[in-house]
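Below are two complexes that have chain A in common, paired first with chain B and then with chain C.
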Partner chain A sequence: MIGLRWALIGLGVLGVIAGVVPLVLGLSAPEVNDAELVTVFGPLVGWSFIGTGLFAWYRRPDNRFGALMTAVGFTWCLSGLTVDTTSGVFLIGLLFSSLPFALLFHMLCAFPSGRLEGRFGRAIVALGYFITTVLYWTILLFYDTTRDEWPDNPIQVFEDQSAADALLNLQSVLAIVAILGVPVVLWRQWKRASPAQHAVLAPVYGIAAVLMVMLVASLVADFGVMSNDLESAIDIAGLICLVLVPFAFLAGLARNRLSSAGAIGELVASLSEREGRRRSLRDALADALGDPGLTLAYWLPDREHYVNAEGEQMDLPGPGTGRVTTIVEHAGEPVAAIVYAASLADERELVDAVGAAATLTLENERLDAELRAKVAELRDQRSRSLGAALNERRRLERNLHDGAQQRLVSMALNLRLARARLDDPDKAAELLESAAGELDAAIAELRELARGIHPAVLSDRGLDAALEALALRSPVPVELEERVGERLPEPVELAAYFVVAEALTNVAKYASASRATVRAVRDNGHVIVEVADDGVGGADPSKGSGLRGLADRLCAVDGRLEVEDARGGGTLVRADIPCG
Partner chain B sequence: MATRVLIVDDHPSFRASARMLLEAEGYDVVGEAEDGRSGLAAARDLRPDVVLLDIQLPDIDGFQVAGELTANGQRSAVVLVSSRAREDLCGRVESSGARGFIPKSELSGAALEALIS
Partner chain C sequence: MRVVVADDSVLLREGIVRLLTESGFDVVAQAGDAEDLLRKVSAHRPDVAVVDIRMPPTNTDDGLRAALEIRARHPETSVLVLSQYVEETYALELVGDGAGGVGYLLKDRVADVERFVDSVKRVAEGGSALDPEVVSQLLGRARRNDPLGALTPREGEVLELMAEGRSNHAIAEQMVVTERAVEKHVTSIFGKLDLAPAPADHRRVLAVLAYLREG
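Entry: the complex of A and B
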């Protein structure tokens, strides 16, 4: 910033000198055409553009607008060198005599962001540069400057005045097209701008509109359709408009500051209203920034994501969405994000000021949103728990119906058949053997079902023994790497057991793993249970009801479930359960 | 001539026991099906005298299968079976078009005969 400051001071000194040159040259050569105009308007236009441009450049170094305005001032001063009779100096003035207008069009079309928006705007500016450089310098190869009571043209190589006139007419027509295109670009930008931006745009666009009319009139006058006096009056009026452009920019800036201060004042007053009379914070901020579509997102540090006022998770808009975001912080921590129209991106200072004024209210609303998010989560969790319980009952009914009940039915039929075949002892024995087989299978299925409801080994011998039993029953080889080594509260043991049971079931069903490891350790008042496998990975707790049910079961004991791809492949399921 | 029976049930152990029991009591078990759709197809092809139909099937509800069989004008008598108790069926047996209901554990030739005669 300090380097930029000195560079701008240097440019300022150069600007003062650049403005003095046409003044001195104009005074020393009054006989040259346009000497009076150059003497008066050379320094006036040059200094006003250079001074205001450097100020804008300093305030917004990343905005090209200041540099463009400064460039208009310098090239304007250079164009004043046409009043010098020295061949080289005159040539420099001649070469630069049209360029300030292209830079002026560029500056107006890019106001206030410094960027050209849309193809049409870029086309108009490109046309301006073409006319004032390529076309104009081509004309100079044919142009006899003595016709306009100027010194000899040092780069005239052709004597064909008709060609020069044809090219001049072409230049005038194209210039009129470019000049008429500028208001179209400005109108499009005006429609896109927010009310707050209108305050900045209005003075510049107003004077630009008058200036464009004067420039068109001046070009039409070149076709000889006006008296000399009228033509001179139009030229002078155009130059006065040109001098006023930088001051219109300053006026816009001042109005913006006033309207910004007013907007912030209204916002503060609105936020100070009593409860009940106060409008919503969103509405108040939308009014202050002039963006009816403004939205607020509140930061939840525990969950590390944003939510809306209802506590629902929301993503901040990315590039190309037409919306931009300003993060409001309090004590170095994010509180909320203000999401507003991209057209306000250049009102960053206003948005920051509005955010600062509303920080405490935003913090209050953030707490409300956090509470709503927790209520919504609890509601979801309760709903899922009820659904899981219902599903569990259905599963039990189905398992009983399809398993043990069917075997007992078959057994009853076989026993009845055996009774009817007592006259055939061999057949009766065969039927009784079949009935006994069905009974054994029914007992085994009932035992498995009972274990799924509440494993007896867990109640009798604790978590370590229950995990050993799970490891033994798993079809995939399981190594029990670490054990807790002590009894834990029953709800904790039960939650830890079901984490391992569900995880090992998933390993067997989906992981295509060759082995799995189980760890259960007590650490600083928590039980950490981990099940890792060397399978294909890619488990997603949000998709399977099993893992989601486990997460809900863990929530009931204030525990947390994490599922991630393990290092070296496979899946790692990790549960953290507080156990006092 | 023996009464021809088609058994429609998704549990193989019940189908095997029922076949053995009914054949021991003189019935001719002409076919088995494990779900509602294949039961409907088998009834159409085999034209049995009795369709012994489980209520809880994996694809179509047994009541619905009974309704389709009777609506198509087939001469087969439909007898519903289930491991559920009769009182759990809430009178749906009567409205399904079936001849009656036998709890699976009480299945016998006599119980079947009582319904179809």
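Entry: the complex of A and C
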């Protein structure tokens, strides 16, 4: 910043000198074409652009606008060198005599952000540079400057004046195209701009509009359709407009400051309105910044992402989306992000100030959003665990209906048949035997079903014993590596148990594993259960309904399920269940 | 033989009592919860207590705890535990270091009167009775061990019946072979599994269980 400051002071000194040069030269060479104009407007235009440009550059170092404005001033001063008769000095003036206009177009089109928005804007500016450099310098090779009562053209190599005229006409036509293009670019900018920005743009665009008219008129005059007096009057009017451009810019800047102060004042007033009468913070901010599409995102520190006011997760816009973001911080922590139109990017100071004024209110709303997010999550969890419970009931109903119930029906049938066959003891005995078989099977099925609903050993002895029982029953050898060593709240034990039960069932069914290990540990108010196998891996919880049902079931106890490929092959199922 | 029956379900308790009485047992007392059971066992000193695992006061494994306490306090009283579920953990806990005078059966085995009565008698006499389901689960896991694979199907069958606590005589009856043949199988099994021969029924159950548990 200090380096920039000294560089800008240096440029300022150079600017003063640059303005003095055409003044001195103009005064010392009154016989040259337009000497009066150069004498008067050279320093005036140069200094006003350089001075204002450097000020803007200093205030917003990352905005190219100030640099462009300064460049207009310097090139303008250089173009004033055409009043000198010394061939070298004249040539420099000649080479630069058109360039200020291209820079001016560029500056206008890039106002106020310093960036060119859109392909059309860039094309118009590129055309401007083409006309004032490549095309103009080509013309100079043909151009006899003495025709305009100037000194000899030192780089004229061709004598063909008709070619020079043709090129000059081409230049004029292209210049008119470029000049007409500029208002189109400005109009598009205007439409995109917020009401707050209109206040900034209005003075600059107003003067630019007059300037464009004057330039067109001046070019048309070049075709020789007007009297000399009129042509001079138009030129002078154009130059006056040019001098006014930097001041229009300053005026815009001042209005921006004023409107910022006003916007913040209004915002603070509207935020301190009593509850009920208060409008939403978003609306207040949208008004203050003049961007009706403004949105707010609230930071949730424990989840490390942003949510909207409804508590739904949202991503901040990236580059190229037409929206930009300002993060509002409080005590070094992000509170919220204000997402607004990229066209406001130049008013970052205003956005920062507005954000700072609203920090406390934002912090409040952030807490609201956090609460909403939690509520939404709970609602989701509730519906998932309800869904899991419902599925479980369906499964039980199906098992009872397909299993024990069928067997009991068949048994009843056999008993009745046996009663009817009491005269044939052998046949009756066979039927009774069959009925007893059905009964045994029904009892065994009911037993397994009951174990599936709630294993007795779990409530009797707790998780460790229940996991040992699971390990013993598993057809794949299971090693119980770590135990929790204490009783846990029943819902936690049950959830952990079903994780291991389902995981071991999967190991036996799909993993082609030769062994599995089970760990259950208490860690910092959580119970972590892990089941790892050395099988083929590739388990996907989004596919198998077993693992997905498990994840839903875990929701009921606020737990989380992770399924991943274990190191060295196989699958690792890990459940993390909070337990007070 | 004097028996105490403990089950909180009156229906089932009465059923078991009638069944045992009809089979010649002397049911000296009935209990509806674990404390009642311990009191009545202390008072009557029966040969065997038939105990449901799930009973008041906590309705969890009170019966099992009471059974272990009976074995510790009254070694002369054997205990046969009935359970709604097969939990190897419980069975192994019950067997502990000595398989004598204990039994662990699924409740529905009661329906097979002859075998049930046989089990009660065996346990009352200081033998053991393990539910075939427990044994088959232990075997199922242990089959992964090579020495078991070396057993012939016949020997496998004998091993299972041995683990249940059956005597050579009972095994012979079940398999419809001579006792002599069973003895030969047993010797062969002990040889293949590299176990020291144990003559008493309950000691060889222990040896077999220990072997299976390690598997």
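Observations, loosely collected:
What we mean here is this: the second predicted complex is superposed on the first by the 457 of 580 C-alpha atoms of A that agree within 3 Å, B and C clash if a C-alpha of one lies under 4 Å from a C-alpha of the other, contacts with A are read in each partner's own complex, and residues count from 1 in each chain.
One rule holds in what follows: a residue touches a chain if its C-beta (ideal position, glycine included) is under 8 Å from a C-beta of that chain, and two chains touch if they have at least 3 such contacts.
Note that the coordinates shown come from a computational prediction; the quantities given were computed from them, not determined experimentally.
Judged by the touch definition given at the top, the superposed model places A:459 against chain C, while chain B stays out of reach.
Residue contacts after overlaying the shared chain place A:473 against chain C, while chain B stays out of touching range. Judged by the touch definition given at the top, the superposed model places A:184 against neither chain B nor chain C. Contacts of A:443 after superposition: chain C is touched, whereas chain B is not reached.
More residues of chain A lie in contact with C than with the other chain of the pair chain B and chain C. Chain A has no residue lying at the interface with chain B in one structure and with chain C in the other. The touching residues of chain A, when paired with chain B in their complex, are 401-402, 405-410, 412-414, 416-417, 420-421, 438.
Within the complex formed with chain C, the residues of chain A that make contact are 436, 439-440, 443-444, 447, 450-451, 455-457, 459-461, 465, 468-469, 472-475, 477.
Taken together, the chain C residues at the contact with chain A in this complex read 54, 60-61, 84-85, 87-90, 106, 108, 111, 137-138, 140-141, 144. Within the complex formed with chain A, the chain B residues making contact are 11, 13-14, 16-18, 20-21, 24-25, 56, 83, 104-105, 107-108.
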